[in-house]
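What follows is a set of structures for review.
Presented sequentially are two complexes of subunit A, the first with subunit B as partner and the second with subunit C.
Now for the complex of A and B:
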């Protein structure tokens, strides 16, 4: 009953946070990216292979899209997600919310679990809403028999990505306890991990725009562009970070 | 028997020593924890609740170590923090229902309703907390601290933001709960005149140490008032009278207020001597009162003067 009450409190509180506004911002940003400027680049992922005449133009578009704007685009989206998480997590410390919750007869494990679940739902929502909406706009060429497994795969990938992003933001917020510092250090840590772990680069680039249902389908098949270690690596990283955060939260954290 | 016992507590935040070998005994009843800003009151409360871990020393609350057995300890304590946070977007009633569920209250709705009535928040119960005035937020904080009928209620500045009527009501409430239901309170406040209306015992904390501790009457005997305020119809005659008393150390006339401030060697001798002389001289309208309230007088004696002046 205590945990259920705490979880409801957290969900109620968190979803009153401007998370819907942030979700809408990401959504609009992605729609803008896909619909008006970079549809050619995105079509590489959902349409048929380009003809030989189209190759030079496609290459040029891909070069611009992938080397420049995709990176910028990805990190803008990440920045919005991190800023949302940083605000929510750091607000817990600065507002006195955490101090209040830990003053009640609740175990630290319960408080930690309630926060993890809530923020994980929030992060997944931020990412998945944008993906699903833009994929719907694009069509994606996925036929009904493939639709359900594709969606399941996409949700799975999104949860992995959300756990990864959330665990980075959580660990940084526990260290810095400040919104701006959490935001900056989370982005830096993401960039650092991105460049440090080659195996990690694969799943990240497959999860950030342009993603598609087709991409999600591929991971279920042989010859998937996402290698197994590419899924396992971010899971291990986020698992390790969350375990470290839990140990710190339950045994060392002072508020 | 002490419900809180701390021995040799040390807590540092970087280079700042917040608690310096602090020894504290809180017994059943109403205890005031008083001291200037930054003296270690909030740190002490944090350690009692298991929110902070002492660097050294031992503390037990209901016989348990609050850092290791925080949940058990907190299930018997209600707390109002200084500058409390409450979820602004929730209604007062909903918030109290959640808190009641944390304390395992069988009927959270009824408990919330009872406390909302007790703290005069019934009309605002279904409004979002962000629409509450500062005084209403404070009363909500007191209500949530009383949920589940805890054995010990810790109140950090409970009368902050309350109007005079609100203050009186809260103090009456604390007094009656302690007296009639046998609950204990640990109250940290700067408003000593209010605290002395309800508290049975006092612990005076300064720079992370307890400088004095005991029942109010014990401390009154130990730290007697040294300054008195004398009022008389004929101020000049009163000054003349006071100058000849052997128990008087020095006197100062406060012309604006029409009083004489007297510092004395022995308060008991002074009061007897002054009243007898005034009667002999036919000065029947003389009033002699300690310059400060009971707690303030004790506080001023215990705390070094430069801090006492600002408290």
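Now for the complex of A and C:
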């Protein structure tokens, strides 16, 4: 079996019935609920008039930041989705599926990469597609090219949040190696971190997603410099956890 | 489950979730705002409206002040801003106290122009009250649900036919 085949198999297995349906239902409920609330006040001008070119730009700016806040605000939904996927990895240990995968003429790095691509990349793409498609549906067209840099920045923040959540859930699956324990522990860990940031405010809220990333979106909206610590901290956490998981998976893991 | 049936199921799920959210959001929604208009000046507000039953209620303080207002759709707003001839969706001249604009707009951006010709500054309290379902999203959700069901049925019929054959 080649890497491409493994990836395809992993995708089909991970999003088998009813996992994809469950993911879609959780995700779309949040997407539609938040996005359809976009209405009313966009911008006010006192004693002056906008130019006719400015009007659609103002609408799209408003829509893009509404979408950006919604994307980084989908923390709980992402936590549930990634905890479910991580618990499926834990299921691979108990079901013997991982033993079978490791018996193929593929390196452990390739098996790990296939899992990361399936769980993290495919799911994040699904989340982004749902939001961006709804945004373009509401805007009645495609995002104007001059606003693409802001949109890309907001997509980047969502990817950082998804990586942070996934890396914690993945670590839990490698620690517990049990389906239910992974789901419960990673969900509790992620919700606990969010709750700690809400309770103790500074400095946790400026370092831990989603509050740190929500703040970054607000700063982008105002055109102020983004607080870097709020972006770098989740990147370091997810990078360190993914590297640790990779090293453990490729060198130490015994199945 | 075959891939065609699964695609149909997923399309139906998208439509069903959209319908569920539309039902949740179909209750009354009120958006509030307040603007101050200086003497012999004006304000121009850009508002995004959706196809629901919409009431725009404007209350002027002091209630004796006279104001003029226009509600413009996207096309007429562009003409107005370019200084060309335009037709407002609604227009009230010299009103005082309060005014209600009622419409079921299409989805899009609208312009609310308010002018204060008097010598005193006024405050305008705006309330946009929306009720009912978003008709465009409702149509889309029903289309998705029915498309999904049709795909599933076609797939099941094909399977039955090939089973007999």
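As a working rule, the second predicted complex is superposed on the first by the 132 of 255 C-alpha atoms of A that agree within 3 Å, B and C clash if a C-alpha of one lies under 4 Å from a C-alpha of the other, contacts with A are read in each partner's own complex, and residues count from 1 in each chain.
Operating definition for what follows: a residue touches a chain if its C-beta (ideal position, glycine included) is under 8 Å from a C-beta of that chain, and two chains touch if they have at least 3 such contacts.
Computed from a prediction, not measured in an experiment: that's the story for all the values here.
After superposition on the shared chain, subunit A has more residues touched by C, the comparison being subunit B against subunit C. Of the two partner chains, subunit B is the only one touched by A:107; subunit C is not. Once the two complexes are overlaid on the shared chain, A:21 sits against subunit C while remaining clear of subunit B.
Of the residues of subunit A, not a single one touches subunit B in one of the two structures and subunit C in the other.
Taken in their complex, subunit A has these residues touching subunit C: 17, 20-21, 24-25, 28-29, 32-33, 36-52, 55-56, 58-59, 62, 137-138, 140. Put simply, subunit C touches subunit A in their complex at residues 1, 6, 9-10, 13-14, 17-18, 20-22, 24-25, 29, 31, 33, 35-38, 41-50, 74, 77-78, 81-82, 107-109, 111, 128, 130, 134, 137, 140. Taken in their complex, subunit B has these residues touching subunit A: 46, 49, 51-53, 70-72, 74-75, 79, 81, 83-87, 89-90, 98-99, 101-104. Across the interface of their complex, subunit B is touched by residues 1-2, 4-6, 8-9, 12-13, 16, 95-97, 99-100, 102-108, 252, 254-255 of subunit A.
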